[in-house]
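Chain IDs A, B, C and D follow the sequence of writing; residue 1 opens each chain.
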Amino acid sequence: MGPVESLRHFIPELVLLGGAFTAFFLDFLLKNKRLVGYFALLTIVAAACLLKAPPKESLDLFYGFFHLDGFANLFRVLALIAVAATILIAFGFSPLRDRYEGEFYGLFLFMAFALITVAAANNLLMIFLSVEFVSILSYLLAGFLKNDLKAKESAVKYLLFGSVCSAVMLYGMSLLFGAAGSIDLPAIARVVDSPAMKPLGMIGLLCFFVGLGFKISMAPFHMWAPDVYEGAPTPVTAFLTVAPKALGFAVLMRVLASVFGESYRDWRQVLMWLSILTMTLGNLTAISQTNIKRFLAYSSIAQAGYILMGLAVFPSPLGKDGVLIYLFAYLFTNLGAFAVVSSVGDRTGSDEIASYSGLSERAPVSAALMTVFLLSLTGIPPLAGFLAKYYVFAAAVEARFITLVVVAAVNSAVAAYYYFRVIRTMYLVPADQPALPKPPVSAAAVTWLMAAGVLGIGLFPGFFIKLILG
Amino acid sequence: MNPDMIYLVPLLPFTAFVVNILLGARFLKHRASWLSIATSAAACAIALPICFAVFKGGHFAGEFSWLPVGGGTLRFGYLIDPLSASLLFMVTIVGTLIQIYASGYMAGDPRYSRFFAYVSLFMAAMLTLVISNNFILFFMAWEIMGLCSYLLIGFYFERESAAKACFKAFLTTRVGDVGFLIGMLTLFTALGTLNFSEINGALAHGSARAAVPASLLVMSALFMFCGTVGKSAQFPLHVWLPDAMEGPTPVSALIHAATMVAAGVFLVARAFVIFMAVPETMPVVTAIGCFTAFMAAFIALTQTDIKRILAYSTISQLGYMVTALGMQGLGAGTFHLITHAFFKALLFLGAGSVIHGTHVQDIRQMGGLFRKMPHTAITFIIASLALAGIPPLSGFWSKDEILLTAFASGNIVVFWVLTLSAFMTAFYMFRLVFMTFFGKARDPHVHAHESPAVMTLPLWCLAIGSVVLGFPGSPFMHHWFQRFLAHAVPHPEYHPSAFVMSCSVIAAVSGIALAGIIYLKNVHWAEAVAKAFRPLYQLSLNKFYVDEIYSRFVIRPFLALGRVLFHFDATVIDGAVNGAGTGSMWLGAVKNWFDKNIVDGLVNFVGAFTCFLNSVVKRLQTGLVQNYLLIAFLGFLVFIIRELKLI
Amino acid sequence: MIIPLPHVLLFSLALFGIGAYGVLTRRNIIGILISIELMLNAAGINLIAFSKTTALAPETGQIFAVFVIAIAAMTATVGLAIVLALYRARKTVFADEVNLLKW
Amino acid sequence: MTSHLLSWITFTPLLGAFLLLCIPKRAHNSIRWIALATTAITAALVGLAFSLFRASEAGFQLVERAVWIPQFGVQYLLGMDGISFPMVVLTALISLMACLGSLTHIRVKGGREKEYYFLFLLLETGMMGTFLALDLFLFYIFWEVVLVPMYFLIGIWGGPRKEYAAIKFFLYTLAGSLFMLIGIVAVYFASSPHTFDMTLLTTMKYGLLFQKVVFLAFFLGFAIKVPVFPFHTWLPDAHVEAPTPISVILAGVLLKMGTYGFLRFSYPLFPDAARWFQPAMGVLAVVGIIYGGFIALAQTDFKKMVAYSSVSHMGFVLLGLAAMNADGFRGALLQMFNHGTITGGLFLLVGVLYDRAHTRDLNDFGGLGAKMPVYAGILTFFSLASLGLPGLSGFISEFLSLLGAYQYSKLITALSAIGILLAAAYLLYMIQRVLLGKLNPKWAALPDMNALELSTLVPLMVFIVAIGLYPKIILEYMIPTLDGLLGTIRGGI
């Protein structure tokens, strides 16, 4: 499809792009920066409304640079939800209250744009560009707080680690391009299986894999995650743990789906061990954390390990469905948890788990909702996290990856221990500090919305699965 | 009359129990005894006509479905045959009399109504046991009796000794009960039924018996006998009965002399057909019974507590009965059971009367009570004569029957041991009689008085029973009782022997005479004998050290094992669980440590290596991001190596 | 003269290796950024080389390379901005002194 | 209402819980009344089910079926048969008693009553659902739902080591149930067509190796809950630290979920594996019986003693299950019910004493029999029921279990009989130390039980006596189903 016809299907992207520029412009004009935030929110809602139902047959836009299908559409929805929720969380985050607040929202609109292009990117160039776009925006957002030493440090680390991984990925892409003579994924698929080009293609793929592994914080490319998540402003952390990771998985799945044929079977073992390594490292390190953000960072590494279970069994449709369901469940759960962390942190001025003591009495609603999110992360039914875990477990059992399932089960039990450590602090440790003031409406709203998502997916899985998988 | 009325016999006392336990303390108070006595008497009134009907050759049975088991169902019901009729007769009469006595004895006790509630429950259980037609119901009643025994021994639970005694009693008998239970299970597995008449049917005929595996029968007989050993206080489970004397004396009379302890003997009688089917089990029964009879008599020689002497005497007499049954003397054993119930109940009640009058239990503090308590003394002496086996009192006939069985069945050793025990029986009983009722009062603080009529009347009734009840089994009535029982289960019968009778009489008379010489004439033979045979004396005084052995080798090891296992549980098993938890914590810590030390070290090493390669002499100074990156690169290298199969 | 493809590839690999080595060993964050640029450029050289030899449509590789240059510039810009901010806050540009966040 | 009766039974407590959320925190009386009314209504609904339940039928009754997650055939499938019916009755009964028991106890424990009753009612929904669900997936969900409120109930209102006990309970059970989840998924994929529906799954056959592996996975989940030696160490801690009403529920209902799982799922689904594991089950049962008994004997903490006695008594359930015959199954199911009422009662009694004396050290008491006659009588009653005194319910079930086991293995049965002896020993030893002997002057002022406390115990006593004297009244309901189950297992050989 040529550029002009393609634009018809590109309206949400265009809206976001236009919105982003407008936001920066508005930032100049308006004294009340919050209005920029409202505008950004509005833009996202508008973009969401303009999202069409996925076409029956997939569309190749811009001469095949973008591949618009149900899969891409799904991730567009996911990205928009994540950005919208993050903006809402940011409304209640007081360290942002300065003259750069408007830029923050503008950057997020760019981010939204970048994210929804990632999902549709269909060749190496577009993948590289959109991923890089997301990354660079992430570096900026991570260090957004002016006078926060930790934020600066996290931005630097993120930048260095991310850029190196991007470089490796790019190097891999260049090799793939060389091997296949094309940057289109299907063309690459043909090469990977051909014996002559195999070594080159394989090294290229591996390098490519490194870049994506960084995005999804897969071991051993996960080490940046805790530092960055701890240092970044909480709304940004919330966003980073969810959206780039989801998009990383999206690209990974698209690559796996279109590039790998029979040779994929060799990779299953590798992915399985990576999955085991990731979840085990994440869980083991999470146990001793005292900072809630760092704690959730390790937890998100572990969650990535569970999601990888779905990829390890990849040709199975159940595994693919599992990854999608998991990503959505994880989206609501983790954003919800960070929404609480943000609003509590804002009110107590600390992100230490110790400052949550007696929260059930000081802020009962926050504590209760946090419990729901943590239970969902643990995988307790009937919450979204359980459904997600069920899916990946089922996929692994179906594929007879017994070792993987058993390790995952043990890991889940270990994870329960540290999630309950937080619950314990909130409920079992008596309050030694006064009750917290009510959170701002925006923070409350986003928390409740995420909780509704978590409960909704858990209680009416049939409906949501249909919505997500079609 | 309708034989189903028999259901009322246990139900009436049970009603009394329910009413007394719920309302007694608040509403009935001292009237509680009336209810118990009334229901007991009514049960007696219902039971006696049925008993006499059976004596005349009747036979009653009835049942209803109770517990579904396997493909069929266990049916509960009653079976009134000669055996149960005899016991029914004895239990209702003795029970009623003892309760009348108790209403006087217990007067003024703060837990008066509770006492009668327990006694009524006991009566209900005992009567159920007697009329039951199967082993399950029998066992249920058996256990509830055990409970009543427990509750009543511990009636004065404020006393530490009573609290310990009731615990010991329940637990010791429970050991036997578990054996009984296993025996029942074996029997059920072997025969598919626990109904007495069905068991009789299955084992009475040789052909049917051959179909049943003998090993199962042997097992079930021996295990069931464990129940007897526990309940009837046979060696080695006899230790509870002397301690059980902590209970109020009427209880000792009713439960621990006349009825409950006899239930063990009754069990063997009930299961007699099983023992007969596997006669090789019989010597075990005989041996235990005989040894018990001798041992208890021997211990009784040196005891000084009036109730304890009687308790050992009871154990000894129960040993006689068990021995009789072991020598296939069903008639002899049951006969002695009935007669013994009367005179032993009388002895206990007499002892109770003495205690009631003097408030002491040690016979060394008594003396010369004959004049102060004439009714008690006379009836007590009658009972003692009966127990010693002086003709023509009931005890003589029944004991003679047992000796005859031993003699005629060729168990000569048993015969002589029993005769010797009879001699000791006579001696210790009259040692007791002489020290208590004759001579001078030894303790000036004891001011004795005769008990009220409500207590002495039952004494006289029982005394009459002790005198006359021997006759149905005597040659004067042509051994009617033995033949009557033989209808139920055929067993050998023997002609009376003058030799046995004279042995028995000589043993009794010489025992009494010896006691008279020592304790009336104050000849100091006893001390001399005690000195001369010091080990034997110590053995008797310390009750064969059975308690000490149990304490050393059973109770303490059990408690210790409990503690050891608890420790094991808390450390090893729980430790394993916690260990898994700590393990992962530890792994987490190791990983942290690894991050902190090894990773840095590795980086330093690799850095130095690289520096060497590049001939650049500079100290490598890495920041953390680079550590991360290094690890990422190393991981990446591993991939490459693996995928390209370079290694 | 046409340089054979393997030579170019070895060259780019060397460049990439030097970049990687620099990333791992440079103390100064700006040095690390420069090393990253080297790695990116290694990829760019590959792209150009392949577009000349194996590519079905030569312009693809060239376009890609142009984008790579642009991205490299972007990374450098953002990176420098962040490093500057860091320097303002911490008065350091050494990677090993940036270890507030750890374990 | 009768067409959705089982749903009503399951979700009435949840409705009550949400109603509680709308009540202000300080309206203590209304909170208590709502909680009590909810449990009472649930019990009444169970009573209604009782009238509709036909005892003579073996199959599932009052079945409700609706599609829930069509993507993998999960149904909302509830049903009741002779195995679940007694458990539902037990749950309703114990919950009501525990709720009554909470009225004073939680007030003493210092408030947060709204949260308490909310969690309590949530727990009841979970328990009911566990016993009624016939869809494996749904079952798992209810099974897990039980865990969370339990964690809080122990963790917030428990004793000094409550946090440790709560997390231990939670992690232990969660670990077990995760393996069960794997097993459930495996069964789903092994069935054709893929289904979670118990009514269909029982008709399918699986290979022996598969059965063994999945049986083990289920076993881990259930065994930890029962708890089977050596997975029992969470139990003493949880029981001891939990507040009285929650100990009652733990002992009364939660432990039964494990053995219920064996009867409902493990046996009918994997009959061959069950037979293969029969010796192991028998040995574990015996070890549990004796081991628990010995440890109970060594306890000085009243509650811990009762807790370990549970290990021993649940061993009899396992023994009956291991027997795999009619008597064994009947004994096991009946013992589940009886243990619920008896041990529930014992925990309530421990609570009564603890509320007054604020200690549970057995050696510290003595001679309370004179001071608290009613308490003494009832404590003796429950102890006797627990030690298997004939005429009370515990005897019947232990007898049936032993009878069943005897047909399987004489040695195992004989050894188990030692457990009966030990039960007598530790219970009477407890009575001796608490009720008998000289009165410790410290406790001279202890009041006897009040009417509220009596009202929690008397209904349990009625059940104990009724079943003990005439067990048919409850066995009638169990037998057709259990015989059917036995037929299924035998058919599988």
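One rule holds for everything that comes next: a residue touches a chain if its C-beta (ideal position, glycine included) is under 8 Å from a C-beta of that chain, and two chains touch if they have at least 3 such contacts.
Note that the coordinates shown come from a computational prediction; the quantities given were computed from them, not determined experimentally.
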{"item": "Most distant chain from chain C by Cα centroid", "value": "B"}
{"item": "B-D or B-C, whichever has more C-beta pairs in contact", "value": "B-D"}
{"item": "Chain nearest the overall C-alpha centroid of the shown protein atoms", "value": "D"}
{"item": "Intercentroid distance (Cα basis), chain D paired with chain B, Å", "value": "34"}
{"item": "Inter-chain centre distance, chain C versus chain D - centres from mean C-alpha coordinates, in Å", "value": "66"}
{"item": "Inter-centroid spacing, chain C versus chain B (mean Cα positions, whole Å)", "value": "94"}
{"item": "Rounded Å distance, chain A centre to chain D centre (Cα mean)", "value": "43"}
{"item": "Where chain B touches two or more other chains at once, by residue number", "value": "581, 592, 624-625, 629"}
{"item": "Contacts with two or more other chains, residues of chain D listed in rising order", "value": "171"}
{"item": "Overlap residues in chain C, where contacts from two or more other chains coincide", "value": "20, 23, 32, 95, 98-99, 102"}
{"item": "Pairs of chains found to touch, sorted by chain label", "value": "A-B, A-C, A-D, B-C, B-D"}
{"item": "Touching residues (chain side chain A, partner chain B) in the complex", "value": "156-157, 160-161, 164-165, 168, 199, 202-203, 206-207, 209-210, 214, 219-221, 223-224, 227, 266, 270, 281, 283-285, 287-288, 414, 417"}
{"item": "Residues of chain A that touch chain D when the two form their complex", "value": "360, 375, 378, 380-382, 386, 390, 393-394, 397-398, 405-406, 409-410, 412-413, 416-417, 420, 423-424, 427-428, 461-462, 465-466, 469"}
{"item": "Residue ranges of chain B touching chain D (in the complex, touch as defined)", "value": "21, 25, 65-71, 136, 139-144, 147, 150-151, 154, 157-158, 160, 162-164, 166-167, 170-171, 174-175, 178, 181-182, 185-186, 188-189, 558-559, 561-563, 565-566, 569, 573-574, 576-577, 581"}
{"item": "Chain C contact footprint on chain B (complex, rising order)", "value": "592, 595-596, 607, 610-611, 614, 620-626, 629-630, 633"}
{"item": "Chain D residues touching chain B - in the complex, by the definition given at the top", "value": "168, 171-172, 230, 232-234, 236, 291, 294-299, 325-327, 330, 367, 369-370, 373, 377, 380, 384, 389-391, 395-396, 399-400, 402-403, 406-407, 410, 413-414, 417-418, 420-421, 424-425, 428-429, 431-432, 435-439, 470-472, 475-476, 479"}
